[in-house]
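Here the chain labels run A, B, C, D and E in written order, and each chain numbers its own residues starting at 1.
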Amino acid sequence: MARIGVFICHCGENISATVDCGKVAEVTSRLPGVAYSTDYKYMCSDPGQTKIKDAIREFHLTGVVVAACSPRMHEPTFRKACAEAGLNPYLCEMSNLREHCSWVHPKGDVTTEKAIDLVRTLVEKVKKNESLMPIKVPVTKTALVIGGGVAGIQAALDIANCGHKVIMVERDPSIGGHMSQLSETFPTLDCSQCILTPRMVEVAQHPNITLYSYSEVESVEGFIGNFKVKIRKKAKCVDEKDCTGCGLCTTLCPQKKIPSEFEQGLGFRPAIYVPFPQAVPNKPVIDKPNCTYFQKGKCRICEIKCPTKAIRFDQQDEILEVEIGAIVLATGFNILKTDFFPEYGYGKFKDVIDGLQFERLASASGPTLGEIRRPSDGKVPEKIVFVACAGSRDPAKGIPYCSKICCMYTAKHAMLYKHKVHEGNAYVFYMDIRAGGKMYEEFVRRAIEEDHAHYIRGRVSRIYEKNGKLIVKGADTLLNSMPVEIEADMVVLATAGVANDGAEELAQKFHVSYDGYKFFAEAHPKLRPVETNTAGIFLAGACQAPKDIPDSVAMASGAASKVAALFSNDELTREPLIAEVNRCAPPLFSTCTGCFLCQLVCPYNAIEREQITDRSGKLIKELAKINPGLCQGCGTCVALCKSKSIDIHGYTNAQVHTEVLALLNEYA
Amino acid sequence: MKLGFYPGCSMKGGSREYKESVAAVCKAFDIELVEVPDWNCCGATAAHNLNKELALSLPARILAQAEKAGLSEILIPCAACYNRLSVTQHELNENDKLKERVKSILGMDYQGTSSIINIIQMIDKYVLPNLDGKVVKSFNHLAACYYGCLLVRPHGILKFDRPEDPVTMDNVIRKIGGSPVEWAYKVECCGAGLSVSKTEAVARLSGKIVEDAADRGSQVIVVACPMCHLNLDMRRPESNKYLKRNIDIPVIYITQAIGIALGMSGKELGLQRHFVPVILKEKPEEPAPVKPAKKVVQTQEMEA
Amino acid sequence: MLEIKQKARELLESGKAQVVIGYGKGPNNTTRAIFVRKPEDADKLVLDDTCVQNLALYIYKHEVRHFGKEAVVATLPVLRSLLQLASENQVKDNEIIAIAITPDNKVVELDSFAAIEEHVRLFNTGLTEDEKDLLKKINAMGLEERWAFWNKEFSKCIKCYACRQSCPMCYCPRCAAEVNQPQWIPVAAHQHGNIEWHIMRAMHLAGRCINCGDCARACPVDIPLNLLTYNLIEELNNEFKYTAGLSASQTYVLSTWKLEDKETFIR
Amino acid sequence: MDTENKLLKKASLQKLIEKLNADGKKILAPVIKGKRVEFGLITSSDQMADDYIVTNQSVKSVAFPKFEKLFSYEVTKEGITQADTGYSTFPEFVILGARPCDANALGSIGAIFNWDYHDKLYFDRLEKTTMISTSCSKCDDYCFCTSAGGHPGSTKGSDIQLTRLETGDYFAEILTEKGKKLTSVSPDLFETAPSVDKSKYLAEVPVKFKVDEAVAKVKTVFENELWLDQSLRCIGCGACAFVCPTCACFDIQDETKGKNGIRLRCWDSCGLSLFTLHTSGHNPREVQSQRWRQRIMHKFAYMPERQNVTGCVGCGRCSRACPVDMNIMEHLINIVEVK
Amino acid sequence: MSGTTHQTTEDNSLSGELLMHTHVESMRCYQCGKCSAGCPMALDMEYPPSVVMRMLQTGDPELEDKLLRSYAIWVCVTCETCFARCPMEIDIPKVMDYLREKSLKMGISSPKAKHIIAFHRAFLDMIDKTGRMYELGLTVDYKMRSMTLGQDVGLAPGMMSRGKLGLFPEMIRDKKHIAGIFSKTIKRKEGGQ
């Protein structure tokens, strides 16, 4: 027989002003199973808590209902008090008389009646409460950072500096990401490479960081604190230990005209190559599809000439399996493909380029050594047109969002151009200037006022080539939409930032959700911006949405701090309020039918398949099993289970049922 | 094979050479054109400028007549008529209420099931596959293929080719031995229906088209629309006046180009009816072409 | 019919199957399920218009599974049941051989889900015109009239669970109606208990019912139970272009979400 | 008492119904409901179904309804108080037109309900019920009463039995005091009967097996394979048991509302898998063949042993109702034929 | 601008009317100007397309009136370039059609556009009468209406000599049908021309 204690709190006058607390205590004391009932001015105070503890001991209470304020604040308080008196804390529940009753209703009998209803409901529930123990999950204190751009680098260094192991996986031969391609950065115009390179080197040299470049994640299993990740190390065909990075091979390779990815196709590289001089690791890889030996079966010049005999043509991809406690996704973004703008001739006219290409032109280490020369004939452009919102804010092209970074880098481009070609003319077609950020607006104004970039408010309709010029047709919407036609030498499109190639597959691999544009989705847009819906997986940088360097770095540090917090304990303590699939005697083992429709709906991927076998190993039955490390207790599986084989501890079917009946005054 | 055929008014008058050449080409490929019985004018720009219901009802009558005659595929060589009929069919198919209203105006049943094709689609579908061995005289000219507005827009409804940079007609020219030029005015507007009522605008717009074609070295402009032809050919004096240049590039229909390649006579194709005399210069011998640099496939590599 | 017998004999003789679930004749010229285990018994198999029972529910019956590899004479509902069961992980690929009839009356052996899927595509799987008419009729009733109609029908129910037991999709070893802690659905065959039972069952079949009609045929008191699922079938078809039992790999429509899903059904 | 033979004119039946109604009795008779014939309340003879073999459901629910309140209770802080049922409020029923097998079957159930415990509810209801059976003038392929110890004109369990004559009038046998009492509402309606050879009006139900042989044989085949063979197609529903006039298994359920609750008795069936499920999860009758065997054994072995009656009257309802064509007569013949 | 500017579409504004009749949401326009930038006739318009859209957005009756009296709506050639490139997929040509029809119905069409309107009317009258367009007749009719007798006279002999100008109109057989269509549409609305 249940022996429930009921404690009605006045909350000063917060509750007692409209609810007759004494009456609530008196009426509820008569409920079957209630062994003790009282009211008090401040239940959360020390004397209040003492009342609860004393009553537990004196009346041998089997459950406690505290009718007070929101459990958000004081549930831990009262549960702790109960635990101190020897009662399992999960046998204590709070009824929220303040927010749910006294604050929202006037004083009166009806209000008191409602308070009684609320308390009675919970009394019935607590009768069916069970003692629960918090769940402990061991934590592997190694983080996996995917992506070696500025966000990944920042996250890796921050975690590593906290003393935890980090594995970094980078798809390309070198880390550095888009930031390493940039010339200067807004709004300070400091050199991108100069600030990034030391960080890249730091990653390579950090004792806590293991870098796998030219590698990809093959598969992910497990859950927070206990991921098992397979990494595919693509064959570089160069022995990393033997190679000294002397670079001789790259100069001897007969293939010299392969468009360089790093130079955005504006420069060339050989088939055995280091993407850029400051690359980390600074050791070459062989690009098999473009290598003469791999394609034609002979050449081997690099192998023959290598002073340390480091070339390994027979090297195969290698699969590594690592145990990981937390994952940071920092896979970055991409820009629009060239077939996106037929009306601008993007991809058709050589001198219509994108922002990243302009960065390479402006970069001192770029194909033109920092001189602004147009790709078609190497001429220094006298007139250059920048087109903002090229693809962004364009629902017709499927990208209604603002790419956020273009306004700033376009201003920067105009400025860089004017700094390098003093007599040149820079035109910027824009729709709005979005320069929210420290020193950002000032930066744009500088481009206009000091560097005399011609800003024209209007969208370009068409660009075509004529006599070596690019005719840009726009309109000035601030001048009655008067047509504007500019004969430019070069056009730079501030193409929209889009989700990276393979983002969707990657998201599915990691079971993180993503939005309609395939950017990874954060768990909460405001309060959990670096977490994903899958516990233990965090986001950093532009894989979540287009963002600039400071934002990416800040987010990376945020993700790193989340990882560090997770790693601060050996075990992860989780609330035991999670779902469980029932078990019963053979031959059923469980009433679960193994339809696994629950598996489909679980947002946390917490449902696994468990096989029941007989002694000889023959499969008897396949059941759903809930991984306590992953389950967040959302209850979706419970709602879907047709055979009612799943229950959530703390909110069992029986508890909810009895609560409903009690509320209808039909309690058992 | 049989194909439904809606010639449109101008083919009976101002652009009869278009009809003549369409007929000649179709005959050469055993395509029998069955005219929509008792067809009427589609209403052109005038109707939709002044009255929406009229603008829908006139084309709907044509389609209804075609349906009644059991014509499931209708060739509409005039780009303007093609556009009006396609748009009408689309609008009525999208809006049942409107369809009912139009049906009551017509006093006829109308389903909207016929498929409508333009001249280039027809050539692409029925002529090109059977072209082998038929070309007797390579169309060895630098040609500016002019598509105009109404063949490609609105793309959502017509769904023909690439709206900003169409290539189907260029491909046809290439197949008959011609060299299409890269130029900028493929889909720019010629001024269309303002030819008579606002000639100076048409002179300007058409002038720019002709000028770009000339500047790119074109020896002929190929069109697929009587309206375009009118503005580029008949309005040449006005456009030359606007340009202060004397450009004498002839303007011919795509069907005439094919006819020429098939070895038909100028008379058969109605070339003599053009204002700008059709004198086709041969494509100059080119110096050995410089091998173009291998097409750069730009890959935007990313981290991991 | 001859071919069916032949095919069954072949399967049993070759050992490809140990039991053929099919239709046979009982006394009084009735049609019933039979379980042929010996090649010589294959002659007992029949297939005619009276063979309407959905045999799919026998394939997971413990005693039948015990015989070994099963083959089943598969009418369209049986095939669709197999696919639906497969999508719910109740049967595995290549586990069952389906002996099916093509639209031009040829006997074919389908031993994989892929083959069954292809076969099912040859048939119309939507509601028939008659079924649609019935649905229209019931939906044409006003709310109160419909409520009265169902109340009257449900009042007949004796809770024998023939509807559940005849349904291949009702494979739960413990039905939700049998959960007694808490007792969500009253056991007694009173009005309240009957309504809750039938509505719960219909809801559990939403997106899963393959419309074989066995529930209604099994009912000893003639409650037109399949009328309940017609509506669900139509709604899911209209709202999500979804039909149950067309593919072994289709994901359950009511537990998946697509960007293009409309939400107009929320009223 | 000795049987009194009377003649009830066709027209008099209607008058009898009116009189009984006026006397406050409720009359249950077979009525046509769609494609089925079921017992329903009538107020006039033309509401009665005319042409039927047996009703789809048996008459047992008059004394053993599909669910029945046993008592009500209230939970208070001090404990539980139990309130009594409304025994005395049972209405008086007259069953008009039950078949001899049905009338006979109430005795079989009665034997169970009066075995180790006298079930007051059942007998109180039965006490208030007068059974006017009608003998069978036709039968179908499912009928096998003659193999189950009955026959189409059996008067066992009836208070009055009517046999329809070719004139449309009824030959009425007043069999019990209760029957006699019923006729007293209007004795003049029951006229003196001419001498009637009742057997001439009865259907011929062929004997398929001897009931004693079946009873003897069933005891010997407990381990036989035939249970599995017979029950392979059984889907384990309760249709057979619920339409059976002699099945008496029930389940006890509590239904609560607030502090109050009622305890109900509901039909149950040994064919349902839950019937013997233990709390532990173990089920002694794990598979359907065991449940099917139990059903037959109970009717033909255990009941004859314990209650000295067979649990089957040969009405054939279970076979007619079975969704998968389980035919009890065919199966019993199989059993009898086991060597 | 008057004080009644920037109404919402629920009001009896022109943009609300447009939304109802053509399903074109002028409020979607975010004034990027791509339409005006690509419009071949923008130079001739006092209100280029993006300005037209802006005027509609204001809901200001004065601006709406100006719009309906504008020359811009008549000079639009419906080349669809604006629609093809509009990032918000606004069907501006449809808007223009609607504005023209309304302008005409209200009798406030720009006097500057009288030649254009005259041409359209002559064109339609021709169809009304014959079912088909007949160039010579059309030209004569138009010139009578627009009083531009001198213009294009030089063309006629050229056309004639090239067989491009028939002397007699081609008639369709079912003229009544066409006349019926006209009387149920354009004439109904304009109360008979």
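The criterion applied here is as follows: contacts are C-beta pairs under 8 Å (C-beta built on N, C-alpha and C of every residue); 3 or more make two chains touch, one makes a residue touch a chain.
Bear in mind that the values here come from a model prediction, so they are computed numbers and not experimental data.
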{"item": "Mutual neighbours - chains that touch chain A and chain B alike", "value": "E"}
{"item": "For chain E, the least number of touch steps when starting out from chain B", "value": "1"}
{"item": "Chain whose Cα centroid lies at the greatest distance from that of chain B", "value": "D"}
{"item": "Pair of chains whose C-beta contact count is the highest in the structure", "value": "B-E"}
{"item": "Centroid spacing, where centroids are CA-atom means, of chain A and chain D in whole angstrom", "value": "70"}
{"item": "Distance from chain E to chain A - Cα centre to Cα centre, in angstrom", "value": "53"}
{"item": "Computed distance of Cα centres, chain E from chain C, in Å", "value": "62"}
{"item": "CA centroid of chain A to CA centroid of chain C, Å", "value": "44"}
{"item": "Sites on chain B at which at least two other chains make contact", "value": "163-164"}
{"item": "Interface hub residues of chain E, defined as touching at least two other chains", "value": "81"}
{"item": "Interchain pairs in contact, sorted by label", "value": "A-B, A-C, A-D, A-E, B-E, C-D"}
{"item": "Contacting residues of chain C [partner chain A, same complex]", "value": "88-90, 171-176, 179, 181-182, 184, 204, 251-252, 255-256, 259"}
{"item": "Chain D contact footprint on chain C (complex, rising order)", "value": "26-28, 30-35, 53, 57-58, 61-64, 158-162, 164-166, 178, 186-190, 193, 214, 217-218, 220-222"}
{"item": "Partner chain C, residues of chain A touching it in the complex", "value": "516, 588, 591, 593-597, 600-601, 622, 640, 642-645, 653-654, 657-658"}
{"item": "Residues on chain D engaged by chain A in the complex (per definition of touch)", "value": "75-77, 256-259, 261, 280-283, 286"}
{"item": "Complex interface listing, chain E residues touching chain A", "value": "30-39, 42-43, 47-51, 81, 85-89"}
